[in-house]
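Next, two complexes with chain A in common: one pairs it with chain B, the other with chain C.
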Partner chain A sequence: MLALLADGILDVLQLKYLVPLAAGTLIGVVGGAMPGITITMTVIMVLPFTFGLEPLQGLAAMIGVYVGGESGGLITATLLGIPGKPSSISTMFDGFPMTRKGEPGRAVWLGVWASFFGGLLGGVFLIGATGWLAEIALEFGPWEFFALFIFALSMVAGLTEESLAKGLLAGALGLIITIFGADPIMSVPRFTMGSELLRGGFPFLPVLIGIFAFAQIMTDIERARSLAESDASARDLVSLAVSHVKVVGEILGRPFLLLWSTFIGLLIGVLPAIGGSAASVMAYDQAKKLSRHPERFGTGTPEGIIASEASNNANVGGSLVTIMAFGIPGDAVTAVMLGAMTIHGIQSGPLFMSQETTLAYGIFAAYLLAHPIMLAIMAVGARWFLRIVLVPKSILIPVVLVLCVVGAYALNNTMDSVWVLALFGVIGYGLVKLGFPLAPLILGLILGDQIEVNLVRALMTDSDPALFVTRPISALLLALSAGSIALALWQRRRQRRRQPAADGAPDVDF
Partner chain B sequence: MRLPRDTLAGLLGLALSVWLFALTAGLPKSSFVPIGPDFYPRIVLAATALLSVAVAVEGVRGRRPRLPGAAPRRNLRLVLLTFLVFGLYVALLPLLGFRAATLAFLLALQVVLDPPADRRRWVTVALVAVVTTAVAYFAFERYLSVLLPRGSLTGF
Partner chain C sequence: MRKLARALALLALLPTAAAAYPERPVKLIVPWAAGGDTDNIFRPFGQAFQKQLGETVVIANIGGASGTVGAREAKNAPADGYTLFAVHDYIHLTYYTGVSDVAHTDFAPVCAVASTPSVLTASPKTKWRTLPELVADAKARPGQITVGATLGSTSHFFPAIFEKAAGVRLKYVSYDGLAQRMNAILGGHIDLTDGNLTQKGKVDAGQLRFLAVGTEKRSPEIPDVPTFKELGLDVVYAVVRGVMAPKATPEPVLATLDGACTKAVRDPVFAQSMKVQGTDVHHLDRKGYAAFLARVDAENRLLAQELGLLRR
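Right, the complex of A and B next:
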């Protein structure tokens, strides 16, 4: 395994892979730092650039975006008190007060180094666990896969802030999108409404890009006071000079905190469709609960920054495990990666590790190398990124939309995908306005085809539906699904008794 | 009385499921494949219908009262305009070709989102539009071998 990893690293160190990886990381850092541009948006923008590249080049670029993006958000969060993306919100809780106390360098570099260590520890898990989990997944029959997908959906629906019924309905609506087009057994076209365009069903990526980009951009436009605004404080360049030995010492001197936050990040990453924001908030919360000085949290304590940043970078490693071992995207970013792999004709799933070994280890290597690259980018440019952040939304939004159109069009060089993009843009915004959480919807959309294939395959193999509950792994997963829904119901009941829920804005990130 | 948001969402979900469920009746059956193309959609649509009813009922019961306080100002007109400009872009793309349509779209949407007040801003808007179009065109067509739409009217 180590020999394979060494080969992978040597591969990726070649310029033709290193350049896309470094470029992706840089773009990720910038995208992560820009308020209102999430990592998903950034990876969607990078997508069309990867079509013409080799698979590993494209994936390296996307992994760079992912790793860079998780770290980039901390710059604006700590220095300006504006989280560049949702998973930096908990970094801001202590990072910004620390800056205010006159230690901006310490705040930024605690975050960067915590990201670095959290990410690398996540990498150890990624490399160690993927093969092992893939072997388990190889034992899965259609019953187990079906049960696994149902479990994923029920869990995500249960985690949404909105009502449980609405979370589940959002997931089911995602499934509906996938029943259009040819059925998996006899390829009978379904629900085409007489349109040629719908014979093959809705293409996955344009739907995803449409729902995502528009839900995000239109919500931004709707809420913005002025799209020309920029933060004046970002114009002053602050000095970020700091003793790195001391900062690293501060992090490594708290090994338990670092490991625990990394573990939480990994766990959330492995679970499908729960993103970095949940990971960092949860790790922050845990760090506060376990701390001897919980009252210092929120005033600029290093523990808060370390917990939040270590966990959101470890989360990336966890998401990659899920996609590589099971072929299930851990979140929207990996869903786009999965789409990109499909375009190159690569089948992800339990066989991926054994059939595409070189590519798999290339992905591991890219993930590991992205971290030192991120560190170098931060060392050179952290304070300059504040300037880039000043680009007004009125410029950013049109450019992003053009890239979305190119991404959809270039998938198979037809305008059909662009129509689908526009249609789902409207639908996506409508769903946000109706208060639907997007995470379960996207997961339903991602898993829909697989759920149908495995359900039908199971029943064709053996018409006895009882097998779903008599096969042990399948039964366990279905029991966990029921359990997670019951837990969600119980939690909501308890919450409702305490306080009426706020009619908050739906969360468009995950 | 205005419909509660959740009730509206539930009713829309219900209408969609019932409509699609009705359409499954028209799907062909096969005598040698016991599980037809309508099998899975019907399960999904039945589930959506039930959940929609649950959401609609939750909305009527008003279980989640709004917190008092001023609602944030919403800029719905701008959203509508953005959709309109984007719709025009998508419609014109196959007619005018990528270069012309994209240039026009970038100019139009920038002006809509933040109307330029002075000459300097107009120059910025124009520069952004020209540079983005040119960079996108050359990067994709020349370097990344991604073909972009040609205009059927302009041949450009």
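Right, the complex of A and C next:
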């Protein structure tokens, strides 16, 4: 197998594969960094060019986009506090505060190196455990998916900030948003109030951009006057320089955090229809739970960035597992890749690895090589994009606003998304003003549809509700959910008790 | 001067502005996600189509709510020939089952391009090797054998036609889209689903079983799989995909599109990419497609009624 992999790497190192791979990675980084431009859209953009190419050339370009995109999203998340794509939300939780503290270089590079290590570790697992991981994924029926999403939802308790009630309310609001529009089973309209716009429901991405980007921009505008002054002094205050040795040390000095986040990313990637955003939120929550200083999360702690970025890059590896093992796309991006294979006449499915060995190992190799390429692109690009933080806000804010609106429109090529964006911009700003945390809301939004669909599906398959607790994997996940809530509540109480003493503690975690 | 006069004369000959069609890129709305079966058929078609049309054809994936969001968008688009709609038989079903208000009569047909026969596909965790074994088991356990389907769409109707022909009762579970159904059927969480030839790889690997194909004669790609007809069941079902334009699109524009489509379906690259996807190139011109749509619409209405799903 190692020999096959070495062959694969040598294959992909040829210029005819390396060029599309590098071009794809670059396009991915740029697309990932733009708020509202998803990786899926970027891959679709690349798709027509791959028709005329060899299959591996096309797939290499798409894998480049996928890996580059996962990393590109962290640029906007850390520097502007706006997630470039959904799976960088949790990178923003700590990355942006770190930038505000005057360390944008450290924030970005922590993310980049965490992506690099998480992605490569994920790749090692991907190659070693494709069959094994895929077998587990097949065991997941609607009961198990329902229990898994409940487990993910239980993390709301860990993601709330000062007020538990406000956190739970925000989570519930997220769930409620998913009820609007056609129901996911029979498309029966719900709460549409006769409006054509509401028939399609509230699509996830415009809501996300609205809530995060608009809320962020509005608070920036509020402080525009003081920001204008700080722009002038920013040049002296902000440190763009960064010690790579120190950053890499910060990541590798927390091997457990890195491995655990990678594992979560991979696992979520293997399970279909969940995606990187849930992976990064879950990894972030786990990091916080396992940390000795959970109170530092959200203030610019390196652990938060590492957990989020390592897991969302490993998630890419996980998504490739199902496509390699069964020919089933795990998410929208791999669906496009599978489409490209189908158009080239490659039979996907369980025999893919044995029938198309060269291509399969070429895909592995492309995935592994995309990571150093991404690192190189970031190294060259950092010099320029780090300067975003120095651009006067009066110029930056309108540009970001335009990008958000264009992104929302391009998402589905309809104006409806733009109206949704505007509506949720207002709602998000209101919530921030009232002191509601936004993370639980997003979690509810990500999970609402999936919880509903799988609950209905499970009951349609067998009307016996006891199956949720008698099927072992499902029962285990539900027990973990209860445990997760208990742990979060216990941690809050302990934190409150120790609050006065904790202030002077040294900066060591894990 | 003479040149100018000649140019003016030429201009005068042009009946309407539409004769200049197309002068900018044409948008083809695919009402599902990229990478799905419909997308995989219309992307190569788009390439062939734009060669004949002389303008770029942009595929716009507008997914959501069983393909009805894209349908509504296409219906409301300006009828100038710059927005087209890639469609299949779901349009009748979502209308009659009350999922959507958009009907095929909201559009002007352009042409049909491809036909994908449905194959009744079983999970490897079931014990049936052949269709008669399934029928016998289904008669013994009415309403217990599960079928994964996009409710109210083609993957629901194909098993429902079989159900009626064989006189059995099945249980439907909602799985939107082929990818989700495949995951569930490989894991044995559903017993049956509507598949097609793109799943051949999984069948060869023993991970899925094709029980019967909904064609008149056996398919040369899967010669071992019997047709329903030879097993005595009158089930013929294929998903026909075509192109439509908003209702009020001018006649000359439709004629241009029809002509380009007729040539595009003969493109050998398109034919090859359909062959590897287990789909037949199935061309019908404007008139033929209109007749086909009218016939299928009536059939679907009857079907929805018989299955108790008619909401209109």
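Throughout what follows, the second predicted complex is superposed on the first by the 273 of 510 C-alpha atoms of A that agree within 3 Å, B and C clash if a C-alpha of one lies under 4 Å from a C-alpha of the other, contacts with A are read in each partner's own complex, and residues count from 1 in each chain.
Everything that follows uses one rule, which is that a residue touches a chain if its C-beta (ideal position, glycine included) is under 8 Å from a C-beta of that chain, and two chains touch if they have at least 3 such contacts.
Since the structure is predicted, the reported quantities are computational estimates derived from the model, not experimental observations.
Q: So, A:14: does it touch chain B (first), chain C (second), both, or neither?
A: So A:14 meets neither chain B nor chain C here.
Q: One more residue to check, A:44. First (chain B), second (chain C), both or neither?
A: The second partner, chain C, only.
Q: Return first, second, both or neither, reflecting whether A:172 touches chain B, chain C, both chains, or no partner chain.
A: Touch status of A:172: first partner only.
Q: Just chain B (first), just chain C (second), both, or neither: which does A:332 touch?
A: The answer is second: A:332 touches chain C but not chain B.
Q: When the two structures are overlaid on chain A, which partner does A:405 contact: first (chain B), second (chain C), both, or neither?
A: first
Q: Quick check for you: in the superposed arrangement, does A:186 touch first (chain B), second (chain C), both or neither?
A: Both partners.
Q: Between chain B and chain C, which residues of chain A are contacted by each of them?
A: On chain A, the overlap between the chain B and chain C contacts is residues 48, 51, 185-186, 413, 456, 460.
Q: Spell out the residues on chain A that touch chain C in their complex, using ranges where they run on.
A: 40, 43-44, 47-48, 51, 137-142, 181-182, 184-187, 196, 199-201, 203, 272-273, 322, 326-329, 332, 334-340, 342-345, 347-352, 412-414, 453, 456-457, 460-461
Q: State the interface residues of chain C toward chain A in the complex, per the touch definition above.
A: 27, 29, 33-36, 39-40, 43-44, 47, 60-66, 68-69, 72-73, 94, 97, 99-100, 146, 151-152, 171-176, 179-180, 182-184, 186-187, 189-190, 198-202, 204-205, 207, 272-273, 275-277
Q: Which residues of chain A touch chain B once you look at their complex with the stated criterion?
A: Touch residues, chain A against chain B: 48-49, 51-53, 163, 165-166, 168-169, 172-173, 175-176, 179, 183, 185-186, 188, 190-191, 217-218, 221-228, 392-395, 397-399, 401-403, 405-406, 409-410, 413, 415, 418-419, 421-422, 425-426, 429, 434-436, 451-452, 455-456, 459-460, 463, 496, 500-503.
Q: Under the definition above, what is the set of chain B residues touching chain A in their complex?
A: Going through chain B, the ones touching chain A are 5-6, 8-10, 12-13, 16-17, 20, 23-24, 27-28, 30, 33-35, 37-41, 44-45, 47-48, 51-52, 54-55, 58, 63-67, 72-76, 78-79, 82-83, 86-87, 89-90, 93-94, 102, 105-106, 109-110, 113-114, 124, 128, 132, 136, 139-140, 143-149.
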